[in-house]
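The following pair of complexes shares a single chain, subunit A, combined with subunit B in the former and subunit C in the latter.
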Partner chain A sequence: MTVWRQAAFLLGFQLRDELRTGEVIAVVIPFGSIALLVIPMAVGIETTLLASIGPGMYWAVVLLFGVVVTQRRTATSNPSHRDALVLLGVDPAARFAATAAASALLLLLFEIGVGLVMIVLYDPVVAGWGWLALVLPLVAAGLAMLGTIAGSVTDGGGALAPLLVAPLAIPILLGAAQATEGLRLGTGILRWILVLALVDVVLALAGVLTARVLEESSR
Partner chain B sequence: MPEDPIVAVEGIAVRRPGALILRDVSLQVLPGEAVGLFGANGSGKTTLLRVLATLTRPSSGGGTVLGAPLGTDAVERVRPRIALVAHDPALVANLTLGENLRLLALLAGRRVDDAARALEAVGLSGASGRRAAVCSNGMRRRAEFARVMLAEPDLLLLDEAHVGLDPAAGDLVARIVESVTGRGGGVVLVSHERERVGSLIDRSLTLADGRITEPGR
Partner chain C sequence: MKRPIEIAAAGTMLTALVAGLAVPPDAVQGDVQRIMYVHVPSAWLAYLAFGVTLIASVAHLRTRDLRWDRRAGASAEIGVVFTGLALATGMLWGKPVWGVWWTWDARLVLTAAMFFVYLAYLALRRATDDPVIRGKRSAVFGIVAALQIPVVHFSVVWWRSLHQPPTILRPGEPQIDPPLLFALLMAVTAFTVLYAALLRRRVELAEAEDALLTTARIEEPVAGSAVVGPLSRGEGA
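Our next item is the complex of A and B:
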């Protein structure tokens, strides 16, 4: 069986598990929305200011809550289940791909949900909305892979995982913020899209190539 | 010509920071043989099972499991022929028992029908749609045995196999042990209950403080 087929099976069951726990939809999106709501309370109802800081605040919330999404308990994080997968011969790269893909889809859902709240609260002026259809998945994939690698390095997350993710996510956050700023100012954003794509490729390679070593070291 | 042993390990030691979990453990399991492993809590029984399952790399010592030298990449080839039933069930809590078995069947390259048949064989066909999280310990244990049936292993490693099972389900453990040994496979069975597993095993070993202290029958 190919790695991709193994990953596809695992992804399907992970998403089913997530739909049943509803952690991202019922907990993380509402709390992310509250975080966006708190900021206007702190800076005051200055509409021009809010419109200009809105996208930046949005990406900060995506980063911080994105870590929560990637470090959630996953269907395959039970140690006995992990052992069973190893004994079945499931490739560690398949487990990485499935976990990262599930996190990416959930992060995309989070980005859309919280993005709608940001638009309502901050009313940002952004031209070229179509580009966001590219930016949002690239950011979701990057954060998901980074979080999955950090979870493996720290063996299941804990307090150390967010500390690893936050600084390493700076290129993603920078690319995302600069892309939306470019859209606001009507300047080109292609180079920032390329930065995001490049970071994703590097993370995908790092995740796949280190999956076996990280899995061995966690046992 | 003598048959190759299922397990042949010698001088196994497992060190962890500040502790020597296993020391100089040697063990052989022959085809068709079931070995009982006894010992107090913390004696190293579970660690030894994990070494035999190729999940824990020994700090020193070596040997083979199903012909694959421990600590080499060759173990990856034989892993699908090993089944480990650990203390905690290898089930995803929010998936149903049926879904858990289907996932494992698909990953093992088996048909989905095989998962249903395995559940039926352990008396859980009626509970196939029940989430693992709301099943009793006994049901989860039975589902673990369904997983073993699905895997049809050549080496079965059971850690406290009878925990959570009612007396009637004891026959299930016997059936599974016999099915593996009957095929020429090997079984290592960890337990605290010598009386309960006595009829299942061909010989017993006792571990104390990480060392085999009492080989016997």
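Our next item is the complex of A and C:
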């Protein structure tokens, strides 16, 4: 079985697991929506203010709650399942790719769900829908890979993983926030797309190249 | 025992101190500008230290030699101290010049983020006891963490920033008077030598810590108290 087939098989396994538990859909998306509901109570309910800060708050929520999505219990995070995969000869890079891809898809779902809530609550000026179709997956992929790497180096997440992910995700947050601001102002956003794509490529390389080392270091 | 590198660090630090106090004050900022003789070398050391962490992390993954891991950890620790010093001296300078301790400037925010990234790196190291496992995990994170360094450095170019763009490392002539440039370069040299001395001491300390941990492991009973060595008659009673 090729690495790609192994990754596709594990991806399907993880997505079926999510479908069964519904952790992201039933827990994390409502939790993120509550955060968007709470923010106006802290900063004020002036509609023009909320319309201008809405996209920024949205990206902050995506970053912070995205960590919860990437650190969820997956079908392959259990030590005994992991050992079984090692014995079956599953390539560590395939396991990284599958976990990151599953997290990316779920993060994309989270971004869409929470994005709709943000539009309803904050009423921001949303422009450049076509570009957003590019920005959202790039952000989801970057956060997913970062979260997967953090989960591996901390051996399954724990309290340390969010501390590892949050400051390192700042280039992703900046790229996303600047791209949406550029869309609102009608200025060019290509360089921010390139920043996001570059971060994704670097993280993909880091994840794939270090997957075997991290598997060796897991207990 | 004092080593030549430590004596050199003390000597260059003293020379840099004298140079920093002897050169004339800045024409606009006055004596406040002298903070730059600590702030700029601290920021430089942060880049240097985190760069060494990156190189040592890559070397550790390639060779699996724990000495590289200790260098990476020691360098990150020194880098965090000097990043904190750069942030603190920047705030001390910012209050009289900008009128605020802190401003939401790209360079400031990203430097603070870099500080937290490497604090997280140190937390990750502390979270794992086994030196071999710690080495592998922290090396991977040390490589990913380095993503932050170019973002911090180029932030003053990418965003319209309150923080000034590069003064010395820029195309064309440095934008600083020769006496002030001399004092600054002296300070950078002194801090770099100090870094080398601190790194050496910290690596030795890390070696001693690992040796102590290994000794403690060897002395642990392999199968708990269930298995004991043969006893002579009456000894176990």
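Quick note on the criterion: the second predicted complex is superposed on the first by the 219 of 219 C-alpha atoms of A that agree within 3 Å, B and C clash if a C-alpha of one lies under 4 Å from a C-alpha of the other, contacts with A are read in each partner's own complex, and residues count from 1 in each chain.
One rule holds in what follows: a contact is a pair of C-beta atoms (placed from the backbone, for glycine too) under 8 Å apart; a residue touches a chain by one contact, two chains touch by 3 or more.
From a predicted model like this one, the values you see are computed outputs, not experimental measurements.
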Fill in: Touching partner for A:16 - first (subunit B), second (subunit C), both, neither
first
Discussion item. Applying the document's definition of touch, where does A:171 land relative to subunit B and subunit C: first, second, both, or neither?
Written reply: second
Item to complete: Tell me which partner A:163 touches in the superposition: subunit B (first), subunit C (second), both or neither.
Response: second
Worksheet entry | Which superposed partner A:85 touches (first subunit B, second subunit C, both, neither) | first
Worksheet entry | Contacts of A:1 with subunit B and subunit C, given as first, second, both or neither | first
Worksheet item: Where does A:210 make contact in the superposed view: on subunit B (first), on subunit C (second), on both, or on neither?
Response: second
Item to complete: Report, in rising order, the residues of subunit A that make contact with subunit B in one complex and with subunit C in the other.
Response: 216, 219
Fill in: subunit B to subunit A touching residues, read off their complex
50, 53, 55-57, 76, 79-80, 82-84, 86-95, 99, 103-104, 106-109, 131, 147, 151
Discussion item. Taking the touch rule as given, give the residues of subunit A at its contact with subunit B in the complex, in rising order.
Written reply: 1, 6, 9-10, 13, 16-17, 20-21, 75-76, 78-81, 83-90, 216, 219
Fill in: Contact footprint of subunit A on subunit C as seen in their complex
61, 110, 113-114, 116-117, 119-120, 123-124, 127, 132-133, 136-141, 143-145, 147-148, 151
Practice prompt. Sort out for me which residues of subunit A touch subunit C in the complex.
Written response: 146, 149-150, 152-155, 160, 163-164, 166-168, 170-171, 199, 202-203, 206, 210, 213-214, 216-217, 219
